[in-house]
Structure formats: structure tokens, C-alpha cells
């Protein structure tokens, strides 16, 4: 029947490859300094959670325009974390869910994370999860409230959790008082012309995803021309 | 019972003729340069999806005033694509559906498309599918969110999907942040007087729909005076 | 039980007399040139549908102030059409219906019409069918959307349909983008003094409804003083 | 159980005395010319429905400030009509009803009235029946729509119906396009000082309700000091 | 189970002591002339209902800022009335009730009152009963409508009813057209400094609640420092 | 199944350690005079409830920006009260609850408290309990109304209750007329630089939670760098 069970990503070194692979379809290219810095900041937070007893809960909001690699960055940080518990929660998982079932499923993922010593939860495209529409505006308040509560819930003693959320609507997150729930904000930006060229030229540095035993992820980014690049090119070169 | 099963169009060379035939009732007349260009742009995108490994998902939004051939163009591109999986999703399919059933049915079509190597999905009159009304405004947010998620969902590795959506309300698509989900926008326009005349004179070039074994579609456009033309004439010539 | 079956009007020469009779209780008096012209325009459209292969779907919106004969005109055109399939859909049919049942019933009537070679559907007082209220405004969006879809749905090849809708709120039809769905608009107007007098004098021409075998309809208009006239008179002559 | 059956008033000369008696608790005092005129206009309409074949449906809206005798006037006209079918529909009848049950009950009363040759239906405090609240505004659109449809529904051939509705909010009736559904409007007004005195002095003319066999109604108005008068006096004489 | 039965206060001299006792926890202190006048006005109305055949229904709205003794005054008037039927309806009774159950319960209390020759109903904190919130604003329209209908429903012949409602939001009662349903308005006010002192000094006159056989209520007001006084003092003397 | 039973905190000296421990994860550091004063004011109120017969119900609203120790203060006061009945109601307890279940659960906690001679109820993050969102605004009116009623409900004779509510949105509490329901307001504030330093230096005074038999809570605050401090530091020192 229709209400499909929540994507059950397996622990790392046995993790649900399909979903993360789809997010990293174009691989992760370090096409400039800004990208490198964002990546390093992300790793800094990951290390803080992993190593320090003092920060049992840290949460990062990765924000930026559509197609600027937010999902790719979050997926990469999660995949690379080496944490035993890794989950990707994306809007696609929830097509056909009622608000109530969504809240249940979200609570379940966090409950499970709270049982693992070290966990990463990716909340991809968070405003789509609570069904934000600028006209109205309309959104699911029950899902939003649930997310706001879960995002601030400190794990039990001895457990640590890193939350990576992505959004392309930081203004809405602010207006909803949701932004303040995060420990830090990372921003991605539209590629500049020289960055696009370094990608097309193949001169952009490429992130090596070394944990992959079968190499699936590692080989993916070789295809190069992602939908985003296709659109960027189209806007300049096609006269439709 | 009432909730009729979604229109199950068969694969090309055995495709559900009835629905596409109804959309191409007046055939597709290339009555001027603009029409020819839009048609060519559409074919370019189709080829990109079909041939290149780099663009597993492309989506075109065909927009323009009512009766300017948006549905006809989308239907033609789909019919002519030769892709093994072709589906037409039109608002008529959903009369009597609950929001929930609509979301289910939409998800099913995309799930099916993701199983085929090469697919085309036509989302006809997309603002009618999510029940847009300018007064309020009112619309089904759950259907809208589902469409926005599905329209951006990259197919699994090795599968390619072309989405052709039509709308006569591009402003609303923009205000809803839905327009940005598409790889490209094609615009149709009201016929100018000389174009109407070339249609009535029979001097307008007519698109040959060669895949039709029994000629049904090919013969349809010979009737000439479509509801749109009838109305255009009426506005000028009838003094009711 | 309460959800009474939709009024099942029989085909012409055996048509559901009661409902149309009630609409033509005051008969149809041609009390001036404007009325004659509107009647002729209506017949022109009826003939276009009946005779031409090129216009499988035509739809007329009859608009005007309350009590100006919109329903009477629509009923007359339907009764006189001689089409084998004739249906009257009036708000009264739907008292006690849920939105969902209304949509079902509407779809059923159009489905049935699509099975007949030549059909007329009268949608009487269309803004009352979708429950329009100016305060709010409030209305049933699901019923409105269903009507908008059905009103544009081209019948299958070989079938022809004439839709006659009435409204006393053309502004709302326009604001809802519903007006543009119609092939033509006919307007009725409040009677002028000399027209009222020609009706009261019995000098107004009276429409002969010849198909009636038992003469019921033909004899009805002899009563003369309709509620509308009663009110018009009251407004001028009574000092309550 | 809670959903009590609709007040089933018996036909005249055996009519449901309790409900009408409660409305006429203070009797009906003709304390001035305006009251006499309103009463006469009401009787004129009643006679028109009773005697003329030409007006099968007439409807009067009695409007005025709270406590000015609207309900008393409607009840009196209904009781005095001598029509075989008389019904009082008041908001009190509907406490605990769902919107749906209300619509059902309303339709039932009108259906029953359409089966009687001569009927009166009193719709007391009509804006309270559709649950109007100025803040919002809020109201039951389904009940309002049902009332608007039923109030205009012409009875079948040979049957006649008089509708007497009361409201203390004529502006709302107008804004809702409901006012125009009535054949005529009667207005009541707050008593002037000399009228109040004529009531207290016992010099005001008192309406004789002759149909009452057991004299219940006839004797009721002797009590004199109604809540309305009590309040009027209080506003002038008490210094709370 | 959760939906607890409505507070069933016993008839006087056996009345539900607990609820009224809670309302009179601080007793009723006549700490100034205004309080004495309000109390006397209340008794005047009570006597009017009890003695006169002419006023079968009187209703008093007691309004004033929070903590100014509205509930205490209403409870005192009810307790002291000596009427055989006395009921306290407070928002606390309705925690966990659905709108529908609330309407049912309210109708039941009034139905019961209409069966007793002399009744008092206290509607405590009436805007909380219909769940008023200034933001929105939000409220339960069905409960409000039910209250408005019940508050104006005249008891059957021979029965008399006094309604005592309290509110700390008279503006809202006015905006909702609910204020006009009452026969009279009594206002309470925040204590002035000398009044507070007379209470603390024990020099304020104390209302003797003589009907109490076991003295419970009579002894309660000796405690003196009510929450209200506590807060008043705090606002002046504490520097938190 | 999902609707987990409400957190059942055991009576003191056997109290539900987990929940309060999580709130006091960083312990409670008295890092300045303001903190000491707020703590003392809280204890004053606690003593008033515990010792005086005159104040059976006192309620404190602890308000301040996020991360300023509101929850920590409330938890500390509750833990230190030594009252036999102590409950923590936090939004996390209600994830997945319907409005109705929430109201039930809230009523149950207050009912239980009313059965104990001395009780403390902590309502943590109260605007999150009634699901406040600034856009709309949206909130659960039924939960809000229930909270407003319960927060003012005086316990039965002989029982005493202290309510400690926290909020980071005092403006909303005021706009909702909810603020006035509290006996007193305590404000917390963002730490100043020297306060942060005294915390990091370990020179800040630390609250000793002496009732803990096993020392769990007492040892917790030694960890030092709470999420809040982490964020404060980050805002100054990290250049992400």
C-alpha cells in the first residue's frame, strides 16, 4: 500500500547508498574557495560533535539558491562523517503522507538517533518538508512545530547528534523563528562564470568519497553536466 | 465505483490513442515562424534527454493564453518522442478525486516513469491540477507540494525523464516558486490575423504525425475550425 | 434517504417535463427586440453544434440581473433544440449534497452526455451551484474546479455538446477565470416600462413551444403576472 | 438522543400552539400607525398568495432592531392566515444540529410545504439560522446557500407558498445578495415614547387572535411588560 | 472516561457547594459603595424575576477587569437567590469537550432550567466558554451561536429564568452583537488603594451567606489575601 | 503505538530524574546578580505557596530570549521545592499528539496536582505547547484555551499549586491575554561578556542540587560549554 515506510538508510559501511548516491549524482566538485570553506566549516562542526562531551547536539542550516549544491554538501558531510547512524530525510520520502504520519515518522528517526552514540540526520529541503507555499502563506503547522521541537531536543546523556538541514528560503526560516534553533548557518551561492568553466574544463577539484567499497559514488561525478549547469548554460546560450 | 483508475496510456507504437487524439483534435498547424521555433526548441530538449547521459531529468513549462495550442504542442512532442513510456496527466483525469488520491496517482505515474529507461510525462494545465482559483487565492497545497517534489525528483541512475507541463498562468507559477523547478520555458501566443487566415486558407503547414499506423491522428486536423478559431471569429464578426 | 438521485430528465419527446416546466412557468414572452436577438443568437449556436463537424463543443453563458429570464431562455433553447439528450442541472437538485457528491453527479451528467451524439446541458444559476457568497468570499473550490474542467472537456470524436449556463454575477465569473471558458456570452436585461406594459397588455409576442404533445408548457405562460413582474410593479406602485 | 426532530407544527385549527404562543407571549399591540400599516401590508401579500393563480411564491422579509416585534408580527400573520400548512423555523429548533442536518431539515419543511395547496413558512431570525457573526465574519455557507435556494424555489403547479422571514440585520442580508430574493421588505422600528406609554396605559389597540379555540393566545398579551419594555424603561429610569 | 458529566449543582439547601464555594473562596467583601450598589442592582433583578409574572426571562451581564469579583458577585447572587434550580456553567467544566458536546451540554442545562418554576444559570467567563482569542480573532462560532440563542430563549409559560453571565471583555461582547441580548449590564472595577486597605484591615463589610447550614462558605472569606490582592500588592511593593 | 503516555515524573525523592536532568544538563550557574535575584524571587513565591493558607494558587511566567536559562531555572525551582508532586510538561512530550489528546493530557496533570497538598507544574516553552507560529499567525486555539483555563483554576480547599511557565515570546503571551493570568513575571537575559567569561573560567557560582541521592544532577553542570555558549562563542569568533 501507499504509505511507504520511511527510507531506512543503513549505518555507514553499509549505508543506504541509493538515496545519498542520488544526492551526489554530480559528485561534489570544489570549484572555488567558498566551496572549500563551507566544506571545512561543516567538518569542524562534525568534529566538535564527535569529539567533545560538551556539545551533545549541534545543528547546521545550509542555505542558498536552488541548485547551488546544498543537498550535495549535506550528503557529503553525512557520508564522510563515519558516524554509525546516518539518516536522510527528504521531502520525496513523504509524498502521500498525512501530516500526522509525517510527524510520527520524523519523531521515529530522532528517537532512533537518540539511541545511537553518534548520529547524523540530514533534513533536506526543510521548507518543502513542512509544505511551505509563499501564497497564503500555507504550510503544515503541525509538521513545522514537530521539526522545531525535534531540532532542539537534546539527546540523552552520552549520545550526540549532528543535524544538517538545507533550505533555499532562509527568510522564511527566520520569519518562522526556526533559524534561531540552529547552532550555525552555512551559505552556498550560485557559481560564477569562472567556476562554471573550471567545472566544464574538468579543472575543478573533486571530492574523493573514500568510504565507498564498490566505488559507486566515487565514479558518479565524472558525468559533469548536471541539470543546474545545463540550465545555467541555457540561460546564456539558448535563444528560445 | 467513482474513483476511476488513472488513464493508463500504453507505450508508443501501442500508446493510449484516445487521450492524445483528443488533444490533437485540430491537429497541429505550423502557422508561422514562432510556432516552428517553439516546436524545434521542444525537440532539442527531447533529444538532449534521449541522447545524453548527463541530463537524466529535463522539464519544460509550456505557457501561453488559453487556446494557443499549449496542449497540442505538448501532446505532439510526446507522441513524436518515440519514448517507450508516455503518459498524459490532465485535470479531467482527476474529477472526483480527493487530494490524497490525486497525490497517490501522481506519485504512481512518476514511480512508473522511473522504471522505464526513457519516459515523457505531460502535466496538462498544471494549475488546474492543483486547483488554483485567483479568488482567495485557493488551491490544494498538498497537490502543489507533491507536484513540486515530483517535478524535481531525479530518476534513478540509468533512467531519463522528460516532463512537459502546460499552464496559462505563468505569473502564478512564478509566485508559487514553481516556475524555477523547470529547465526551460516555452511560450505560445494568440494567433495574429494573417496566421488565422493561413489556417483557414489551408496554407498553413501541417504537422505530419507519422507514427500513427491507422492514420487517426493524421486525418484529424483536416476539420479546420477549432473552438478557438470559432471564438476568435465570433469576437470579430458576430454582433451578439 | 436524503441524497436524492440527480434529476433524470428523459430524452426529448419524452423529456422530464416537470423541471423545465417549472422554469417556463411564465412561458417565454418576446417583449422586445433585445429578447428576440438573444433568442436568435442562441439558436445560431445550437445549429452550429447540430450541423457542423468542426465544433464538437460550444458553450454559452447567459448572464443578466435576477428575474430577467435567463433560466427561461436556457430552458426554451434546450427544449426547442430537439437534441436527443437534454439535462437541467439546477442548484435545487443539490440541496443536501456534499461537495464530493456534487462533483460526482456533475461528472456523471457530462459522461452521459458524451455518450449521446447530440446533447444539451443546462447549468442553471452556476454561481449558486459552486455556492458563491460575496462575503469572504466563500465558495466550494472543488465544485468550481470540477465545473471549469467539465465545461472545457471536448466530447469524444463524433459526439457534440452544447452547454447553456446562466449566471446573475458575470463579474465573479470573470474574476474566477471561468468566463473565458465559454464560446459566447448572451446578456439579458431588466424590462423597460413599455416592455412590462406589452406583457401586461398581452401584446407581447409569445414563444410557441411546439414539441409539447400534451400542451402543458404551451398553456403555462397564459398566467401573466410572474413574481418578477409582481415585484417590479410593487416597487413602483406600493408604498409599504 | 440529542438531535431532536424538527418542530412539527400541526395545521391551523390544530396548529402547534406552543411555539407560536411563545412568539406571541406579549400578544400583538397595535400601538401606532406604523404598526398598523406593516400589519396591513403583510395581509395584502397573504391575500395575493391565497387568491391569485399568478403568484405561486411570495416572500416577505420583516426587518428591524431587536425587540421591535418582528417575530410577533410574523407569528401573527402565520396564525391568522388560515392556511392549512403553517411552520415556524426558529434558530432554537436547531441548537445541536450539524450544518448538514440543518440543511436536511430545512429542505424537508419546504418539501412538505410544496405538497400543500397553501402554505406559510416562518423563518425566524434568519441570520441566526445561518449562524452569522460580525467578527470574521463567520457564518455557515452551506446553510446560507440552502436557504437562498429554497427561498426562491417556485412550488409545483397548483401549490402556493408564503415565506415570512425576520432579521435584525438587513445590511448583512443585502451584502449576501439574499435580500433580493424576497418579493417585499417590511420594516419595524423601536417604539417611541408615546407608543410605550400607550402600551403601559393599556390604550394601545390589541390584536385579537380569533382562531384560538381555547383562548390561550388571546389571553397572553394581557401581561403587558415584555422584556423589551422592561429594558427600555431600565435604560431611562435605572441608574445602575 | 474523559468527557466528564456537566457539573450537576443540587437545588438550594442542598446545592453543589464545591463549585460555588471555589468561586467564593475569598468570600464577598463589600469594600466600598460601588460594590454595594452592584450587589443591590443584582438583587433588584432577582426580585423582578421571582415576583413578577411579566418578566419570565431576565439576563444580567456582569463585566469588569480580571480579578474584580465578577464571579464572586454572580455566585453570591445565585447562592442567595433561594431559587430551587441553580447552575454554574464555567469554562473549567468544558475542558476536553468538543464544540458539539459543549452545545449539547449547554442546551441540556437550559432545558432543565425551563422545567423549574424559578431558575438561575450562571455563565461564568462567557468569552472563555466560546473560546475567544484576540489574535485572529478565533472563537467557536457554534458555541457562540448556541449561547446567543439560549440567552434569548423565553422559558415556557409559568417558568422564570435569571441568567447571570460574567465577562472581562465587554468590547468583544458588543462587537459580537451579544451584549444586546442582555436585559442589563453591571460593571465591577479594580479596587482603589483605600478599598484594598479596608480589606486588609478587616474593616470591609463582609457578605453573610446565611443559607449555608454547615457554615463552609461563611467561614471562607476570613482568609483575606486572595490571588488578586496578592498580585496588586506585588505590583506595588515587589521589585522583581 | 505512537501516542506515548505523558511523562510521568515521580514525586520528589523519587522524581523522574531523566527529564529534569536533561533540562539541567548544563547545571545552573549563578553567573551574576540578575540570575541570583531571579532565583530568589522564584523561591519567595515557592515559599508563599508552601507556607500561606491565603494563596492556594500562584503562577510564575519565566520569560527571556532563547538559551538564557529559563528552562534551567524552572527545573531548578521545581526540583528544589521539595513539594511532593512535581511535573514537567514540555512540548517534546506532545510530539504526535492531536489537539484533543493534548488537552486531555494537560487536564490530567492538573487534576492530579489538585489531589496533592503541595504541587509544582512546569509548563516549559508554553507557546510551543499551543503551537504558536508568527506567520499567520497559527496556533492551536483549543490547547491555548485549555491552558488559560487550567492556569487560573484554583485548587480545591486545602490544596496548593505553584505553576512555573517559560516562554521566549512574552509579546505573544500579552497579545493573547494570557500574560495577565500569571501572578508574577520573571525575566532572564542574554549573558554579558563578563558573565560568559566567569562561566568559562569556572568562577561562576554553581547551584548545588542537594536533594539528589545519587548525585546525577549535581555532577552534570561540570561540563561547562552548553550549546548556548557554543553559539555565542561562534558568533564572535568563527568566520563562516
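Going in written order, the chains are labelled A, B, C, D, E and F, and every chain counts its residues from 1.
Convention: a contact is a pair of C-beta atoms (placed from the backbone, for glycine too) under 8 Å apart; a residue touches a chain by one contact, two chains touch by 3 or more.
Quick caveat, the model's predicted, so the values are computed rather than measured.
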Where subunit B and subunit F overlap in contact partners, by chain label: A
Least step count from subunit E to subunit F, where 1 means the two chains touch: 1
Chain whose mean Cα position lies farthest from subunit A: D
Interface composition of copies subunit D and subunit E: same or different, split at half: different
Geometric centre distance via CA averages, subunit F-subunit A, whole Å: 33
Geometric centre distance via CA averages, subunit C-subunit A, whole Å: 57
Multi-partner residues of subunit C (each touching 2 or more other chains): 139
Successive chains along the ring, subunit E then subunit F then the rest: E, F, A, B, C, D
Subunit C residues within the subunit D interface of the complex: 2, 18, 21-22, 25, 66, 91-92, 95-96, 98, 128, 131, 133-136, 138-139, 220, 223-227, 230-231, 234, 238, 240
Touch list for subunit D against partner subunit C, complex: 37-38, 41, 48, 52-58, 100, 103-104, 107, 137, 139, 141-142, 144-146, 148-150, 153-154, 156-157, 172, 175-177, 180-181, 183-186
